[in-house]
Amino acid sequence: MSVVSLQRVSKKFGVGGVRALQAIDLEIGEREFVSLIGPSGCGKSTLLRIVGDLIQPSTGKVVVNGKTPHQARLDRDYGIVFQDAVLFDWRTVAKNISLPLEMVGWDRAKRTERVNELLELVELVGFEGHHPWQLSGGMQQRVSIARALSFNPPLLLMDEPFGALDEMTRERLNLELLRIWEASGSTVVFVTHSIAEAVFLSTRVVVMSARPGRIVGIVDVDLAQPRTADTREEERFADLIREVRHLLRRDGGLDVEEPTPTGEQDFIAAEEALD
Amino acid sequence: MAGMVAKRVGMFALVLAALCAFWEGFKWFGETTGFALGSFEVNDRTLPHIHDIIGQLFEPSRTNGPLLIEVLWDAALFTAKEAAVGFALGASIGFALGVVLAHSRLLQRGLLPYIVASQTVPILAIAPMVVVWMGGRGFPDWFSVSVISAYLTFFPVTINTLRGLTSADPRALELMNSYAAGKWAILWKVRVPSALPYLFAAFKIAATASVVGAIIGELPASIQDGLGGAILNFNQYYATTPTSLWATNLIAALLGITFFLIVVVVERIVVHRAPEHVA
Amino acid sequence: MTSTVVEPIPRGTLGRRVGRELTDWAPAAAVFVLGIALWEGLVRGLNIQEFLLPPPSEILQTLWTERDTLWSAGWFTFQEAFGGWLIGCSVAMLTALVLARWRTLSTALMPFAIAANAIPIIAFAPITNNWFGALNQSSKMVIAAVLCYFPVLVNTLRGLTSVRPQQIELMRSYAAGEVEIFRRVRIPNALPYIFTGLKVATVLAMIGAIVGDWFGGSLDALGVEIQRQAGVFAFTEAWAAIVVASVLGIAFYAAVAIVERLTMGWHPSSRTE
């Protein structure tokens, strides 16, 4: 049963505007960990948001969890994590995590129980009463992940969540994320800039081209599960990285510095303005 | 481009017309239903028709006298002069004070509370003493009004100058230090340019404040030639000719808006040529 | 496994905290003492005409002897200021909520709000006097309210709309409606801005009430008292009344600032640097 199904999806911003995505066909099955990788402006964040019903596709059919993306969003079938932790300064860590639960109407006892579970999961026990500014970047992202998992959604959408962190923290959080993925049994769609990260985390890596974004190729990552820190030392790991890099080079514009007049975020903001 | 300007102007005219309609509509509603708020009733005396107010401008200000609009025009120019001098004075003092405070934490801690508190002192109350003191030293009356106007002007400029100068990018400052630049050079090459947005925000507030200061400053100085005097004058005739006072307020409003617009225009010109990191 | 935690600013013992507060305020206190001493010395030494600038010692004395009149006048005027502040700020915040919700309205009305902000509102005092009667507190309340309206509106609106787009995206991912977004994101985000506006408004309201008296007001009002005393050259009494006005203004501002501290302990600006 596929969790996410994209058929001939394309996206053009504005009238006579920029074509961000072109004819995307992709099926993502249960418990998969799929990374989207490509140069800046290739539309990977846009694609993620289309799955999340935060942006409307121009053409094509999208099915999420057997429903329209709109219905999936209303039914809260997914949790989303951004590059920026997007925590609310005026709420403690515990209250930040329980935000979606409050909105769904869980009672206090149930909420507290779930928050405690999640704090254990992301290893932040003891920090319930802290405020976001008292935490490091990595810790803030863990809160953000905990929040996304709060109502145990079948699907997790992640937009370069570790992009703003240093390499060491990143590698550590990669392992943590895999552990959480294993424990929660959810399906993950993961956008990243880092080839190594994509290969390390995923069951499949989807390589996208420069704008307009098309799928250049999909690499099956057959490394042993569960992945460990040692996995990075394997020869197969380096081979897979090479494979992805070649795909990026061919059509992914790795050699060519393509000037993006306005970044992808501007498109998203523009889409907001059009609402 | 022209299309956008036309659209803006059209929108402006539309909203203006809507506001006028709202006024007249409220007036009609109030008069027919006898709407009242305490002792406030809606009638031609409390809320004259807009066309009557504007029409009053083209009536003689008193029997066989000049047209109201001529009188108000002269009064507006007089007040404008006071306000402009007050603005110049207050902005310069405010800027200088801001520069001094920006370079000394100690002075900041010591003086800032009093600078803030200064605005809680009703300047109007001190005004008569200012007028007498300055008059005794040979300054013309209108200059005392400028002093009062400057009092209201310097505060926003000081505060914003301070914030602007201290908000310079620390990395730009590091760069200047690596060139062994002196405090003066750092001030004019880095701090002031990065303070320009703050300065202009303050100037916009100060423009209005200077006009307010000028108008109310004329009252204790018993100056007849300006808008303040005109307001007091036409206030006396409110029972018979309420539209005169309303017309005076209209002119005063336009004066305030004009001063504000001048600052906006200057900002467009200056900031357009300003260094990169001014937004 | 440990991660780096940015430790919250150590609270320290009460003694240390009080000590730090004291050192923060020491320069200002020093300036105060110096200023008063200078004032007293100069006035007496240079024999400045007392009718212009009485020495502080005499003002202090008058504050005591006239305390009854000054207190009731101050209270009378404060009621005008406070009432106007309450009305002006509430209406402004409501307007801001409406404008934040329906953005087309706010873009259409923005130039008018800006223009209205540039109008010398105080010039309308004679008109409100004609509406409600010069002796009536309402006439000054209206002026104070209008003076408060625009700063609070501008600040509140800015606070409601300066939300990061990603926070809105996050809420939409929870299928949140507009009301929920307002309740959970926009309004808490706007609180610091709202308090800035409220503080500015306290000063404007006091000024509005007192200056409004100059165009005609009840004998019970502070502004009229100042004017009256100045008119009979009783400058010490006038200065005493001015001091009362100033102290009331500062107290009003401080009261709002304290409420701000209490409700917004979480905000960056309240963390000591």
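By letter and in written order, the chains are A, B and C; residue numbering begins at 1 in each of them.
In this section, a contact is a pair of C-beta atoms (placed from the backbone, for glycine too) under 8 Å apart; a residue touches a chain by one contact, two chains touch by 3 or more.
Note that the structure is a prediction, hence the values are computed from the model and not measured.
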item: Nearest-to-centre chain - CA centroid comparison; value: C
item: Pair sharing more residue contacts (C-beta pairs) when B-C is set against A-C; value: B-C
item: Farthest-lying chain, centroid of Cα atoms versus that of chain C; value: A
item: Rounded Å distance, chain A centre to chain B centre (Cα mean); value: 52
item: Chain B-chain C separation of Cα centroids, rounded to whole Å; value: 19
item: Chain centre separation in whole Å, for chain C relative to chain A (CA means); value: 47
item: Chain C, residues touching no fewer than two other chains; value: none
item: Contact set on chain B toward chain C in their complex; value: 11-12, 14-16, 19, 38-40, 45-46, 106-107, 109-114, 117, 119-122, 124-126, 128-129, 132-133, 204, 207-208, 211-212, 215-216, 219-220, 227, 231-232, 235, 238, 242, 245-246, 248-249, 252-253, 255-257, 259-260
item: Residues on chain C engaged by chain A in the complex (per definition of touch); value: 1, 3-8, 164-170, 172-176, 180, 184-185, 188-189, 191, 264, 266-268, 271
item: Contact footprint of chain B on chain C as seen in their complex; value: 24-28, 30-32, 35, 52-53, 108-109, 111-112, 114-115, 117-124, 126-127, 129-133, 136, 138, 203, 206-207, 210-211, 214-215, 223, 226-227, 230, 235, 238, 241-242, 245-246, 248-250, 253
item: Chain C-facing residues of chain A, complex; value: 49, 52, 54, 73-76, 78-80, 82, 84, 86, 88-90, 99-100, 103, 123, 127, 130-131, 133-136, 138-139, 169, 172, 268-269, 272
